[in-house]
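As written, the chains take the letters A, B, C and D, and residue 1 is the first residue of each chain.
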């Protein structure tokens, strides 16, 4: 259960970190979309392991192979099956965790829930899965582009190194100018140093990503349980290592504020507001302003230090990370965050077509 | 769309703030549950408007009337229909917003999305709707109790007035000892003062609720898109005025931390961990420790001060709150948070019955 | 589970035959529909018990009360809650079945599945439930009317008394000219006699309803599992006492035929075909011709004759029908069949809005 | 949309007849099932084209390749991805239908619905898709076997050649003793002759399959919209060329009968009934008797005779079948019918685990 995302535009995925392939099916993609395959690969490349010195060194070319649903370059309205090969899985790196539960990993919970687990590379619990999301997200982004929607995401914190400026004062075309995907060069340098020193210590570090969707028209999102921000929040909390989500923009802690301080005054008939503490969503429905959210990541659980744990029989053991891992996931998570935003928005876009007589 | 919550245990609701009644249908409730109707009413009373000097003075008795699905005091496995009367709606208080969009309200987004809206009392966008959730949540809590699960929720912040201690050092039986539902009397007093002075100024204030679920066994939650914490997050973000959600416990900012600082070491075969930065969930699946999350509330949008806005024709207008409103929603939101946690958990409990051969 | 019908236009229902009320929630109804309440009541009146000498004499006025989702006569896009009172339930007629399982009824299966059942009037298994479907179906029909779709249904057989002519040669405006809802007066008279003589014998009799949807545009229905005819079939098989469903028109047994005999030749660019053995659907998708299906009903299980059965303890007992029952359900089932067709079509209409870029 | 079947045990599929591969994802399969891969291949072989002189001569080995969700021979509870290669697609056989709509095919409806179609081999509308269903159905059957459920299906009619005896008097182990999968040798011979003479005339012929599920315990199926027989009916109507479905057993036309003739008398406390006109289901819930249904197939639309039609521009054209096709699908459809029955039953089995406290 739980391997499908969306109600109309639906992504269903399969695959383990060390299986031969990983992949998915996109159902509900409208027919007639001329696909830009380079854009899909571009997003995959931004997520790809081994892309720089600050990411895991697992080498995956991450070329997606589409198996159906596309004819002469266009979507046909039938399901789009796709696979990506796992080329550089090193399963023997994981033989030591076969009978051991790594701290803050899903080893223990999978074993107890299912009574069996594919321990190699974390199996289904690995963030390798997110490669599927980026494929589907890049398709979704192309549909949204036709509606005038643009999604931008960047690293706003690595540990305690944080961006101080507001996104409106930054040049968001510079996001990919550095390895860490932070649009301000000076802060980016500090973030990279922080990641490198953390890695040298065999440690990992948390961080934060900011995501913005511009051009979303008024009226996407449902009124009660499928509020737009609730669905965006769920999509972000699905990403491995995410432990928190906030939406709304303004440089203050909104829950510490007064209504008179954070109410957004509508200034024109298009619904543009003077401030955007609401983050582009009111009553669960987009209001025409920028959608703005922050996503909080835990440090990666796998550290290259000795930690205590237990094995399957309950004996106390020591474990130490092997294999190739990220010391900080946020640089590679930028396209993943964009993808989940796109999947959520495209679904609400399609649902919104049924709102009125 | 979007008026149903859950996959197996499903709540579908209807109703506007100023309609004659509001209500819902619980489908998928297991048969044979002996219902404790007093407990349901008790939760409704905790949410009820007019319960104290620090809440809105709208007077609703909020007595639930069950219409089906219960026979001789037990659930029958068929859908449980229920209604609650709206007794004290004062729709004329809202005639001034008929053609005007209140700042940070859903007036504008509903009007544009649907082309029509029931403006009286905010219609469907009103938090009046949450009375339905409390009915269903109180049923869900009774199923969870039989599984040994106990849900506790309390106000941990009103504006900048915050609890300093950890929930483990508090006496959670004291939550209802004061009007604000904060288990530490001294902090509670400050919170109440803060709310009262805010109200005197015709203003509103944000806050924070902490929610804990004890006794959740290992294995609830699905692996990829229906991670337990993602579904809890979505449920909380569905609550009116909630703008953020974090899970994980420990008194540090997890996204600012190192892996070596926040990894949870498993100390026994039941999966109990030394720390609980994971908040009781690993890889989207409960790990047997306390589930712990924080929910962030914006200040109520309706303030008794003049604010600029526009009307339906795009003319600039001044609006000022009328009617009876909360200056701070968190005291009344405590049972709502508990209810959404219960609805999420009971659904995952039922799904978990199908996990293994 | 299983008390919701539809994916976008969703009906969720509750209620037992002898509860105080029965009702439902329509979610996903587009906003801005000007409701014709008389048309809704008209359909309810066609289904109403006690409407003529050939139906059950239970007297229900079956006035629907709408509770939400409608403002100033128009739908608002929010859920439409509704209830219908059960006015004439005579529960004491059922005390004899409290501990006994009636032959071919759901008494035994409910008892074993749930361990408890509301035996009064058959509880949730009663066809009383279909009153909810007619309310929602009549709303759906109004949306479909705006798309040029007209649904017609009539009784084509009572026992072995059958219509011989094809629907194209009949005057379908005459359906309601007689008690049995058969458009050919002479056959209708024979059907009425058949029902009356059956009833006099304390017996019941099966029958058949034909349903036609005219004006459905090309393109409704999904390609693989949600084929239009599969969803129509499921909707019809949901109706109490229905045991079979066939679609396709032509006066021959299609499964006994050759391809050369029953292929439909397309004669113009709108897709109009010379014959309509496909019943208006090809590959699961409407093709612009009349949708045509036949629905087969079992005789009502409750007969006024002594039958053997067992009680809860497994003892052999004799049971005999009491209470007021239909000797033949098809006259009253005509609006129910129309309603399920409408609910299926409106859902596919809304889904079809998302098919293309 | 519409490429997913099931609520808990969910099959999602993709693929076109002439793509490189076709495949699917099974989500919600319980963990710990020891898979019998030979049984899966056995069912695929029974559906395989080219298996005998009375089927299409397209040669496909139809070996399934599992990509995930299985570890050391057991299911892990994570999604099971699988593919089957399309080895013998001859797309040039279809160039003549690129711009032409074949009679009683989905060419026209796909073109109009989506504005684009993969015309090669019928694309997504081809019965090639059902190979995916047999893979998933064979997995489902293994779960059902552990519950004591056995599904049997056989050809009961080819055109007007029909079985006269009741299934209880036949030796169902003989189903695969002949090419047509009819358990009575003499009738089977006539059916084979009928198919062969039909084929010689360049024609096709319809037929009927009977399906029986033995050992289904009391209590599967939901009460109102997800009645067991309604879901079975939908599953059967999803199969290419199926145009009708009836359930209930007894050698009479039930809709022509009296209640006194077709009521099933319960004779013991397990719910065994003297007759089985209800086909093992009462009130939508299995009653412990054999589930019995009949499935009606149209003749294949592709005939080797000249037929009139139109092309994309609306011009009148003549079309004639090319490529390799079945003259009668029912022999190969036997394992497909079994698979859809298994998929429906396994889903209701899993849902039934949540029925009671």
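Assume a contact is a pair of C-beta atoms (placed from the backbone, for glycine too) under 8 Å apart; a residue touches a chain by one contact, two chains touch by 3 or more.
Just so we're clear, the structure is a prediction, and the values are computed from it rather than from any experiment.
Hopping across touching chains, the smallest step count from chain A to chain C is 1.
Over half of the residue-numbered contact pairs at B-C are shared with one candidate from A-B, A-C or A-D, namely A-D.
In whole angstrom, the spacing between the mean C-alpha positions of chain A and chain D is 39. Chain centres here are Cα averages; for chain C and chain D they lie 26 Å apart. Taking the mean of the C-alpha atoms as each chain's centre, chain B and chain D sit 46 Å apart. Residue positions 1-4, 8, 13, 28, 31-32, 77-78, 113-115, 124, 223, 351, 354-356 of chain C each touch two or more of the other chains. By the touch rule above, chain D contacts chain C in their complex via residues 1-5, 13, 101, 103-106, 108-110, 112-115, 124-125, 129, 157, 159-160, 198, 203-208, 218-219, 221-227, 229-231, 233-235, 237-238, 243-248, 254-269, 271, 273, 277-279, 282-288, 296-303, 305, 307-310, 313-314, 351-352, 354-356. Against chain B, the residues of chain C that register as touching in their complex are 1-4, 8, 10, 12-16, 19-25, 27-28, 31-32, 67-69, 71-72, 74, 76-81, 83, 113-118, 123-124. Chain contact summary for the complex, chain B toward chain D: residues 7-8, 28, 30-33, 75, 77-78, 143, 146, 223, 350-351, 353-357.
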